[in-house]
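Per-chain numbering from 1; labels A, B, C, D, E, F and G assigned in written order.
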Amino acid sequence: MVDILSYLGYTLTSFGVLFLLFGALGILRMPDVYNRMQAGTKATTLGAVGTIMGVGLINPEWFFKTLIISLFILLSNPISSHALARGSYRSGIKMWQKKDIDAYEKAVQESEENEEAA
Amino acid sequence: METIPLILSILFGTAVASYIVGKLNYLLKVGTSIVGLLWAGWLFLGLQGTQSLYSFKVLGFDIIWRMNPLSWLFGMIIFGLAILAAIFSGSYMKGKERVDFYCFAMCMTVASMFGIVVSGDLLSFFFFWEIMTWSSFLMVIYYRFEAQAAGLRYFVMSMIGAYAMLTALLIVYAQLGTFSFDALSAGWSGFSLALQIWLFVLFVIGFAVKAAMMPLHTWAPDAYTLSPSPFTALFSGALSKMGIYGLALLFFVFGAGKLASNVVTIQGISLPGYILAWFGAITALLGTFKAIVQDDAKKLLAYSSIGQLGYIILGFSLSTSMGVTAGLFQAVNHAIFKGMLFLAVGAVFYRTGTRKLSEMGGLITRMPYTFFVVLLGIITVAGMPPLSGFTGKWLIYEALIEKHLIFLAVVAFGASTAAFLYLYRLIFTIFLGQRPKRFDDIKEVPWMMRAPMLVLALLTIYLGFYPYHLLDLINQAQVSMGIAPFDLSHSMLFNSYGNVDTMTVMNIVAVVFFIVFILFNTLYKRSRKVGLKDIHTSGEVPGEEINLHYAVDFYQPFARGVSFFLKRSVSKIYASLADNLEGFFDVMRYIYTGNGQTYALFVIVALAFLFLVKDLLV
Amino acid sequence: MIYYIAAISLILIGIYAVLVKKNMVKIVLGLTLIDSGVNILIVSLGYIQGKTAPIFSNPTLTAQDMVDPVPQALVLTAIVIGVAVTALALSIVIRIYDHHKTLNINKIRELKW
Amino acid sequence: MYLDPVLMIALPLFAAFLIPPLARISKGLVKYVPVLIIGFNLYEMVMLLPHSMVKPVIVVIAAWAPPLGINLTIGPLGNILALIISLVGFVVAIYNIRFMEEEPNEKYHMLFLLLTAGATGMVLTGDIFNMFVFLEITSISSYALTAFLRDRDGAEAAFKYLLIGSLASTFILLGIALIYATTGTLNMAQIAVRIKDVDPRIAIMALILLVTGFGIEAEMFPLNGWAPDAYSQAPTPIGAAFGGIVVKAGVYALARLVYTIFDFQGIFHFILIAGIITLLIAEMSAIRQKQLKRMLAFSSIGQMGLVLIALGLATTRGVEGGLFQMFNHAMIKPLLFLSAGYLVFYSGSKNIEDMDGMGRVKPLLSFFFAFGAFAILGLPPLSGFWSKFIILSETIRNGFIAIAALALFGSIIEAVYYLRVVGRLYFKAPHEGLHVQYVPKSALVAMGILAIITLIAGLYPDFVMVYLKPAAAELLDKTVYIKSVLMAGL
Amino acid sequence: MIYIFFGVIGLALILAAVRFILGPTTSDRVVALDTLTTISTALLVLLGLFFQRYIYIDVALIYGVLGFVGVLTIARYLEGGL
Amino acid sequence: MRKAIAVLFLGFIGYYLLSTFLLVPFGVVRVLEGVGLKYLQDGLQQTGAANLVTSIVVNYRGFDTLGEVTVLFLAATGMGALLYSKRPTERARQNASIIVKTGARILFPLIIILGAYVFIHGHLTPGGGFQGGAIIASGFLLMFMSYRTYHVNHVILSRVESSAGSVFVIIGLLGLAYGSSFLANILPLGTVNTLFSAGVIPLIYVAVGFKVGAELTALLDTMLQTVK
Amino acid sequence: MSRYIYSFLVFFIFWVAFTTSLQPDELLVGAVVALVIAFYTGKQFSEGGLGNFTARKIIFTVRYLFVFIWEMIKANVDVALRVLNPKMPINPGIVEVPTKLKSNVAKLALANSITLTPGTLTVDVIGDKLYIHWINVTATNPEETFEQISAVFEKYIKEIFE
């Protein structure tokens, strides 16, 4: 049982670590900040969760704690990415685009007008 | 309680007490000071001839207070003048502001001077010396703002002197491990020649400032002029004598008088003595010349003081028995006549409110007592028989001639004669001539002011006739300094006649003088009254604003003649030195650029520097 | 050793910022960099090869397994002090900005000479 | 009878923590807290004096004997300095009662209390890192107090102070790190024992770092750029506290380092030379100042230069003189600052030229200033005379005649600028339209205490010197210090 | 095995660090920072595994929390002041 | 110019610093009699705290920690004084998105619990009062970042600060009253590695945790309200 | 009240997980801590209170977890491929996605889910519209984007949180 858990754990950790690497690679290679976030958030979140849960499986007495960390990462990483994306956008960083697809621009203007009115 | 500490306590106590009670009542504060001074003076009289000694330790330093004839002699000058000045002040200061402050500073000064003369060690000497400096400084600046620059100059020069002295005495301490005079007397000759010279120079600077010796005299005229007159009497009469006292100590107690006498002597005088003699003579000459062109009565006397102190120094520097006697005699003498004159000028100022000679005149009928005092005073200063000044000067000439310093004697004599040029102006411009209308109603000063002047006047007459009493005291002092007592038989004046004959000479001169005096007065009575404004100049009618009093610009040609000499005023050199220094300081302060980063850079540079020299720090 | 180099570099970079940067906020950041450098340096002085954190969290651990705890304790204190100083520094900068309307330290040198 | 000396640190901290709730109950009460607490410290220090003079009082904290735990080592030196600090703190606290009306004034009193406590801790602690912590307490309260008035200049001064102070902390910490790494201990007595076995190349670097750090606090040139600004722009009592409290603690630390902990002789020469340079540059700068408090600040630096000279001599008598000078300066400079504070306040200007005639308007205040000026110039019979005299005497006795002469030159400059101010106070007509009010009694009491101490110490210097001698001896012979601390561990 | 993990994670850290250094905008750096904290959190847990010390897990958790709050703060700052 | 000078001198200092520190061997036991080794050997049984750093920080060098707490308190006080009367009511220019707001709302109590966990277990796990306090403050920072009008009650914060600081001193004074010296332990040491162990250490760390949390929060709030 | 109790329970569970210990002292302290924090933050912590603990919601949560994990793995493989592919077929842009979810927690869950899945990143939520950065935009009109991006999640989330 312990061996199976441990085996599973190592597998999970291996995948996790690999995804962390992909995430980092994505951060490096993607053309603009939004795309980098896409890569960073997804791959590193999964990678971290995988790594950490894997460790939790290898060392079952740590499981709950690793679970908490994983949950925390699952909750917090998308939030921070979102906040960063929103912050970047509103601070005026343009997207790298082939075609002009931006539904957000108008929404930002409207919401800012609303805020000023309020 | 031991007498010396008791006297010091009384004096310092009086200073504080008169300040405190001074807040209550005028009479009380003046009364307190006078009573305190009298009490201390009375106790002091009892110290004559005793070897009272009191010593204790402060911070591990031995403090020695002792009495000896030299101290006693100078103590007499201090107490005599102080008591008279205090009495004089009783009237003079009435109605003036901050009399409590005045009494405090006065008593403090007296106390510190007394402390100086009883000190048997350099530390307490310096301690009291510093108190004397600041307390007299308080007096100089008594008249508020106009006195500030003068006060500051006085203080700074005093500090320069004091610190030169401090350096010297600390070097002595480093060498001997003690401050006591006795140890220094014994140890001086053991110092290396270079050290002796250094110590000598430093001490001389220290004392010469107070004695207003050229070129360290520049503080004196203004300081004398601006301090309240009763105090000026004390200032010029006693305080400047502390410089003389110091020189006496230096030459004869510390043993510097014999400095290098085995290396180089000039006409039998050791080199430092010879140089100092020249300084003394030049000071005498310079003081005299400067005095001649003054219009301010007190300034005139101030320069006169400088000149007179030059004589005294001249006497001392010869280091001969007669020279020292001459110096000491003239020191006492000067205290008396300069005391008289300053008090008298103060009295005139008290009534007229001015010190300008050109604004005064004809006061002889209004202030006859004061006139009398001034008259006696100038006779003494000029060194004319029958008054004590004659004896003093005579001794100096004799001492110079004895050493064959003819040229110096000529200079001294010249200065002395020139002194008359200014001295008579005091009589002429203040008391004779036309009296401006506004002075018509003035009265003679109150008895409280009259009395001290008259006491001094009588004293100068007395000493003129009986110099021996003083010479006795001086001889005792000389013995205590380790100098052979002055042998009267060495004096050209005194040797063949002896006491009684001197008296006769004096009497004859006195009679002649008296006749001249009567004649003078008769002539004056007969003289034509000249209106103040009835002299025409070059066909032009002078305007109202031009005062045609004959005292105005009286010495214009003379002043023009010596202007080259006078213009090179030492004080101007000092002033420009000070300016340049301040300019330099100004550059230094730019180190503080106001930029925090620069300060941080300083720190880094300092650290790097320390790293670099770290091997030196081990 | 790499820790030494890194830590000292951090200190030097921080000091450089303090000496050269014009923006006062950057200067304050420089100060925090210095702090971090010093702290890393201190901790690395306590490090002992092959040993672990000084916490007896399981019974198998013995004193021989652990690094020197003192530098860590000191650094804890130093960090807190650094935070305090930084906070105060920033509030002073805020005050300065209020008065001078600039963060350029070259413009803030009215107290001189 | 004294209570456990640790209370001198514990109570101020306790009180500081309790001030915010107290302020909510009654604002008026807060300002008496520092008086009370520092008064207690003063009492403690006086009561400890007879004990510490005989042998250092070792106070163990947290029941761990040194070097395991932190301890307070109250030898003669620490006791004297803590006494000075408490005394100045007490006087300034009295002065503060009516001085600080600016909100939030309870924070002001709290910061001041902690400033004093920090400095006290610095001089009492036997642990070098603990000393650093207390230094930070002192410094941080100083930074905050410098900018307390929230004015333009205060903020600028505080920033410079903080900048340089942070560098000081850095170097001190680096020095401590080197020491710990090589001796394995933080207890100063034990360091002193072990430093002999340390590679001297490391030890000297540690010393340099520490000397630079504490030299900043001790206002050594060229590390003192912060000082004039901080002194002059901080609220007046804080300027006084800088001179009377903060710098004293810095110098203590410096002395402890070079005398007790390390064993390098060359550093003394460095301190000596740094001292004379500090003195000269400070005096030269002071004479050109237009602002009264800034002038006092430079003068303060100059005085510390003299202290450094004394410490650099490294002779018994020299150190005695230096300690005496520290004592005097701690009494006189606050006197000057405190009186100058009200002079500035009443004249409505920081500039010297606007002090005209204050002697007529505010005689007692001006008297205190003049008194302080005379005392700091070293005019007898005030206490400054003796300390200056001893220091100069020792300087010359050790053959540094040129340094003594330069120091005297500095004194003359000092006389000029002080007397210029005194002259203006008394001898010029006051400006019109002065906004003169009554000076609070508490302020006058504070100044009076300082003036009386200065006078008594001048008239009877041995009274002070009796206690300074063992303090100097402690510095020059470290074995007693070391032994008594390490014996406490047995 | 664990050494390989460390190697890969180390490489990931380096790559993210390169982006942190390259920028070019502040946002890019913050994104890199965010990634770095996430990777570091995982690394800390792995270290716990490596040293068999439970305490690293605690550190990882705290690190994660602080990193998140820090990144969020910067993000909000980017958006226009705090 | 200034840059060049700075680089020059810094290079110089760096060289000397590095060459000195390189004389201090890295990663080895250098001092056999060092106090650090003593703590390692005896610390566990002397203080009962599994975390030796904690036993040093709170017990052996507890006096430092009291000072440290004071330093933080000072910074908070100083900031309060310096930024006094500059209190705009709103923080950021823009509201955070609903995502951030909701996330913060949920995470906030959990972060506080984490902080509490860290300082309550200071003697057992890495961490302690300062770390726990910092985590709590970061929880508040999260709220500040998410809600532009989120307010903390400074009166309560100040009360927490004061009472926590006082508790620290009182525990110290109790040591003086009932033990041998200030800050001396007066409670039984308990069983190692259980929550109720290590005498007064956890009590002090809890107090420190509260204090630091309150102070850092106050600091952040003051700062954020001032800088717009 | 139910919200407070719910919060207390959640916090207490968290505490137990943190400490990984069932020792009475830990539990005692944990209860106290949870109680205190629940008292102060319970109201804002939870919108649903104990209602969150219904069996239906729990079942949906578990089901959702699997759906989500699957989507996430797909997302990551997708990203990995894009990152590793030198040609990087991307066509990024921000699109608008409508949502019927009302509660904030639900919107958060949806936004996070979207962020963690293929090529999408929630930039903002304004009212009932999500703005999604899409790494490879294949549709721009709301119905299509809804279908492609969030439809999978929304039904579960609606069940769980509303």
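In this text, contacts are C-beta pairs under 8 Å (C-beta built on N, C-alpha and C of every residue); 3 or more make two chains touch, one makes a residue touch a chain.
Fair warning: this is a prediction, and the values are worked out from it, not measured in the lab.
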Touching both subunit A and subunit G (chains): F
Which of C-D and D-F has more C-beta pairs touching across its chains: D-F
Distance-to-centre winner among chains (Cα means, whole assembly as reference): D
Distance from the mean Cα position of subunit D to that of subunit B, given in whole angstrom: 43
Between subunit C and subunit E, centroid-to-centroid distance (C-alpha), Å: 20
Rounded Å distance between subunit A and subunit E, as computed from the means of their C-alpha atoms: 11
Between subunit G and subunit F, distance of the C-alpha-averaged centres to the nearest whole Å: 33
Contacts with two or more other chains, residues of subunit C listed in rising order: 11, 15, 18-20, 27, 41, 45, 53, 55, 57, 70-71, 77, 81, 84-85, 88, 92, 95, 98, 108-111, 113
Two or more partner chains touched - positions in subunit D: 129, 133, 136, 140, 143-144, 147, 150, 155, 159-160, 163, 167, 174, 181, 186, 205, 228-229, 288
Multi-partner residues of subunit A (each touching 2 or more other chains): 23, 25, 37, 45, 61-62, 65, 68, 72, 75-77, 79, 81-83, 86, 90
Contacting chain pairs - touch in the sense defined above: A-E, A-F, A-G, B-C, B-D, B-F, C-D, C-E, C-F, D-F, E-F, F-G
Partner subunit B, residues of subunit C touching it in the complex: 15, 18-20, 27, 105-106, 108-113
Complex contact set, residues of subunit B against subunit C: 589-590, 592-597, 600-601, 604
Residues of subunit D defined as touching subunit C within the complex: 129, 133, 136, 140, 143-144, 147, 150-160, 162-163, 166-167, 169-170, 173-174, 176-177, 180-181, 186, 228-229, 232-233, 288
Residue numbers on subunit C that touch subunit F, as the complex places them: 1, 3-5, 8-9, 11-12, 15-16, 19-20, 41, 44-49, 53-57, 63, 66, 68-73, 76-77, 79-81, 83-85, 87-88, 90-92, 94-95, 98
Touching residues (chain side subunit B, partner subunit F) in the complex: 597, 601, 604-605, 607-608, 611-612, 614
